[in-house]
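Remarks on the structure that follows.
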Amino acid sequence: MKKILFVCSLVLLVSVFFVGCQKDTGVIKIGVAGPHTGDLASYGIPTVKAAELVVADWNANGGVLGKKIELVVEDDVCDPKVAPDVATKLIGEGVVGIVGHICSGATEAALGIYLDSSIPVISPSATNPPLTKSGAYPNFFRTIAPDDAQAILEVDFVLNTLGKTRIAVLHDKQSYGKGLAEFAKSFIEQSSNGEVVLFEGIQADAVDYSAVINKVENAGADAIIYGGYHPEASKLVSQIKEKGINIAFISDDGVKDDTFIEVAGSAAEGVYASGPNDTTQDPIAVKARENHVAKYSEEPGAFFYNAYAATQALLTAIANAESTDYEAITSALTSNYVDTTLGSISFDENGDAIGVGFSMFQVQNGVYVEIK
Amino acid sequence: MKPLNKDLFNMKRLKVSLAMAFWLSVVTFPIMVIKINTINDTVIWRWGNLALIVILGLFGSYIWNYALDRMKERKGESNRLKETLSGLYQRLRSNPKVKKPVLAAVVLVIAAFPFITSMYSTSILTTALIYVVLGLGLNIIIGLGGLLHLGYAAFFAVGAYTYALLYQYFQIDFWIALPLGGLFAFLFGLLVGIPVLRLRGDYLAIVTLAFGEILRIILNNWGPVTGGPDGISRIPRPSFFGIDLKLQGSINLTYYIMVLMVVITIIVVRRLEDSRIGRALEAMKEDEVAAEAMGIDIMKSKLTAFALGSMWAGFAGVVMAAKTTKVTPDSFGLMESVIVLCIVVLGGMGSIPGILLGAFIFKIVMEYFRVFAMYRMLIFGAVLVIMMVFKPDGLIPKIRRKYTVEKEGA
Amino acid sequence: MAAVLDVQNLTMDFGGLRAVNDVSLSVQEGQIVSLIGPNGAGKTTFFNCVTGVYNPTRGAIHICPPGKKQQKINGMKPNRITERGLGRTFQNIRLFQNMTVLENVMIGRHSRLNAGILGAILRGPSTKKEEYQVKEDSYRILEKIGLTVFANELAKNLPYGAQRRLEIARALATDPFLLLLDEPAAGMNPQETQDLIRLILTLRDTEQLTVFLIEHDMSLVMSLSENIFVVDYGSLIAQGSPDEIKQNQRVIKAYLGEVVDA
Amino acid sequence: MNVQYLLNLLMSGLTKGSIYALIALGYTMVYGIIKLINFAHGEIYMIGAFTALIFASLLHYMGVNMILILVISMAFAVVFASGYGIIMEKIAYKPLRDAPRLSALISAIGMSLFLQNYVLIIQTERFLPFPRLIPDFPFLAPIQSFISSRQIVILAVTLVVMVFLSILIKFTKIGKAMRATSQDKTMSLLVGINVNKVVSVTFLIGSATAAIGGVLIATYMGQINYKIGFLAGIKAFVAAVLGGIGSIPGAVLGSFILGLTESLGTGYISSDYEDVFAFLFLILILTFRPSGILGKPETQKV
């Protein structure tokens, strides 16, 4: 009895391996990869939803190249060790393009594999500049501006709009925050009217930041540029307020999140953050949001519009190229403009989206307001 | 002692389970039932969850207590599964007619695996094999040496960064980096081991944890050299005598490298266990004072186990870097050490087939567990607790190798 | 004949407690000598200082293996001292409980073997030969002690008396010239004690051993010892032949005192 | 040398230290009695904070005044967190009391993962704002930049809890039973101590202190989510080991040293390496005092 059970489970295990080998040519498959479980799931799930909405839309109108579109969704938990396995799995499934991945690290780990198999990748959220600028990944495109664009906007805003000169640059030691902070630091150093009085990494998840706040105060800074996400930012601004220190706080897209205002409460008032241009009034974006609310009965989450635009761009490129051939798709992506939730966009030779940029926002009366 | 009950139904047990269900539902009430929506300041009462807890608590605790009673009863009796398996194994070994074809079939399946399955399966299996090597390496430290180690991922990182950095700065090839990765991890093991191995048990655990974190933080902060939190990218996959293999080829090659490495690791671990050094380690684990009085150098033995175990993490790290083509400090955090530790203990400490099984369950079953998505870690946590309570020796407990003599009168 | 063990002014303090106080004694080659004294007099501490478990506060311990030069062993680690030829047993049996009897003896051979990591992994002819040899040697030792019936049993499953004897077998496996036995007869019945006496005498004669033992069983001490040292409250209060010790007033007082205290 | 700056750093070090201490006290207590690294202790702290948030919000909607909210929600947090602690002990640790240390450690890791994901699934993965339950004391207004009311409360509660636990262990009957159990479980059973009860009480007290810590720290930080227990738990464990695990004053001393090391290291060197200072200090101390600062050296009888 036991032996039979053992053999059965072995057969089952082996058969599981074989799943995913068969290729179906009746449909066009698009891969969607990102974190769908774990801590960062809230960054990955909206992309899946966006892709589903776009694909449903296209399929209702006859699909692309006369075939139905099918999504293959895979979870990479934002781990660079897992991402290559996910990439090989998607390739095995026969996808012709990828929407994703979400985190820069995982994206980069997977990109080489896609490149080897000539598969175009459009990420809605991987902002690490070298992904496009190094020129190593001609198959990579993104519908979000790279970090340096954000940093230069923040620095310009602090120095020239706010007129601050002594800047403390803080970051959370993680890829996104530290990368941004390093760009901000070098831009300030290149400018003539500002100096970096402090450059420090803070420990994410720590219980208390008063020591580093003391240090900022002691350095005589009149503004803080913070690179990182909202949980640490709200602890920072709360403790700054509690100490009664008056200092401008400028941060990034990771902080331009309503949770930040909710958590930091009154301490969030007056905080500046850069974020993608507000295109939510764009008719396509309005419709996308309506579809989302209708289907999931909640507001869209992080990178939803970027992911929506990425899926639109990929499908349009396939349609324009009239083929699923790699060369044809990439050249279609760079040569045509396409109307998306982010406005009318195209891609430059590096793969960055033309027409996608950042603006500054400020918390006023409990909401983020764009500063024109 | 009260007589234990073999019967499935038992009034006393039912009463205990009812009480447990009651207490569980009381204690978990706030978190299970009340959900506060802080955005629009509303309270959601989820009474369904209360019913769920009562039912789960009742059945769960009944089965739990039943299993506990059964376990106590069976204590002293031998493990049936273990005996069946070892009996099967012995028969396989001793019968050359069966042994040869079975062995040949196994070798054939392993060798042909990349060609009969997909690239993805090969890739996942390779990852599992990397964790097998990690598990076997950590087993040298914990299982043989009895040293509680919570910073093993640091040595994995040493291997991975050895290749990444050597390639980035000196364009060193994978095949040269592979032994170097092991060597550096070995040396790092000695370096860390000398100050910390004087400490015992839990103190050792916390200090190894500290060293692991220190290394990770340095890799994270030393941007100009290590690439900081972004790590190092575009590390080449292994080449085969300079021939470019393309993606499929290099994935298969990595797989074969790992198969070979697992085989070598198993041979080394088995020989080590079955040697003067292995005996010394075992004696040390049983009784340090007595072992020392028998002429065993405790410090040297501990260092041997520690550095040798670390070396395998180094090898595995080099292959991991080559496989993923990217290394970042976050891949080598405390959680990674905990996962390898769980593989070793879950599979069965000291047992090579156990660790193989542990790593496979962990990597492959978890891979397909994605159906359960968000419940994955919850289930994993519960499984750890249940395993430790009901099978503390792991899935396939170690069958200790005994030296015996066959002499007259023996 | 030279003293194989020569202890000068040995003192051992634990915090404020002086466990061994200025003890000097020496043991001649081939002798069987005993260290006796009431409970808590510092006998085991003395052994632990000699075998390197403790590093003595003051004093000097010299050994002189037969045919070799005298050397100082203070502060050496226990395994180094074992390598130099001092084998010991423990008062509270410290066998490797989950290993077989044969394996326990094989562990004792550790310091007399050479195979290192590489040897173990490559398992060349010399390692294989050594492994074969250690098994043979260990079995011979079990034969001498009379434990071959138990060779494949786990140590923890042995009867008490056999466990005591296994301790001795294990110590013998280290090839000592001086054997230190810490209460070898504790818990034995009279018959077992008689066997033990014969065993110790045989070992002394066939292995050219010097035997130094701590014991409470006076019948064993008096029938075996050529020389007896008595300690009380950490200090050496008497030494001499069994007959001299029996007459010694201080010794009698120390032992009677113990009775009164108890 | 800027004295004001130094004082500020010392103050933030003390705050951080007392935050660690509130968690470390329970850690060290459980370890002292049953020699178990209770990895899930940080999770009890997190659950305490969540429970308090839930009740505080409920009361807030009902319009109860601030001080009353603090008292009531703290009381509920203590009660429910203790419940979790006791049930956790019954399920994950009691069957393993005679098992190898490693088994109990793995079980504790499993429990920690389970509880984190339980809160993640049942409640939320998002960060939630935690109300400032401790009001600003008016008399502190002039030195607001130096010390806040929340810092004072945390410091004071830490010391009170420490004194309370020390007295409990030294002078009460249950305290004596605890000490006896920690020395020798079998002997304690023989002299009629109900070891199961002692262990349960230990978990109850340990979890209660963790819950108090959870509420105070959450109101200091102003936010919670399901993960806050993990890193704080590790840091508290480091602090407890530093001070000598098993010793109540040692846990507080170790926590203060850890907090001050981190804060001064941040202030005068760089916060990039904040944790490195903490861990290096730990390694240094353990190299010279292998049982921590106030820990009793392990003497082994040969």
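Letters A, B, C and D mark the chains in the order given here, with residues in each chain numbered from 1 onward.
The working rule: contacts are C-beta pairs under 8 Å (C-beta built on N, C-alpha and C of every residue); 3 or more make two chains touch, one makes a residue touch a chain.
Predicted, not measured: the structure shown is a model, and the values here were computed from it.
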item: Of B-D and A-B, whichever chain pair has more C-beta contact pairs; value: B-D
item: Most centrally placed chain, judged by C-alpha centres; value: B
item: Of all other chains, the one whose Cα centre sits farthest from chain C; value: A
item: Whole-Å separation of chain centres (CA-atom averages), chain C against chain D; value: 49
item: Centre-to-centre distance between chain D and chain B (centres being mean Cα positions), rounded to whole Å; value: 29
item: Chain centre separation in whole Å, for chain B relative to chain A (CA means); value: 33
item: Distance from the mean Cα position of chain C to that of chain B, given in whole angstrom; value: 42
item: Residue numbers of chain C (touch at least two other chains); value: 53, 90
item: Overlap residues in chain A, where contacts from two or more other chains coincide; value: 41, 173, 201, 262
item: Per-residue multi-chain contacts in chain B, two or more chains; value: 38, 221, 289, 374, 377
item: Of chain B, residues touching chain A in the complex; value: 38-39, 81, 84, 117-124, 127, 220-221, 223, 228-231, 233-234, 246-247, 251, 320, 323-328, 330-331, 364, 367-368, 370, 373-374, 376-377
item: Touch list for chain A against partner chain B, complex; value: 2, 13, 16-18, 20-21, 36-38, 41, 75, 79-81, 83-85, 88-89, 91-92, 104-105, 108-109, 112-113, 116-117, 128, 130, 136, 173-175, 178-179, 182, 201, 262
item: Contacting residues of chain B [partner chain D, same complex]; value: 23-24, 26-27, 29-32, 34-36, 38, 41, 43, 49, 64, 68, 142, 148, 195-196, 198-203, 205-207, 209-211, 213-214, 217-218, 221, 289, 334, 338, 341-342, 345-346, 349, 374-375, 377-378, 380-385, 387-389, 392
item: Contacting residues of chain B [partner chain C, same complex]; value: 268, 271-272, 275-280, 282-283, 286-287, 289-298, 304, 308, 400, 402-405, 407, 409-410
item: Contact set on chain D toward chain A in their complex; value: 2, 5, 8-9, 11-13, 15-16, 19-20, 125-129, 144-145, 148, 150, 217, 220-223, 225, 227-228, 230-232, 235, 262-264, 266-267, 270-272, 274-275
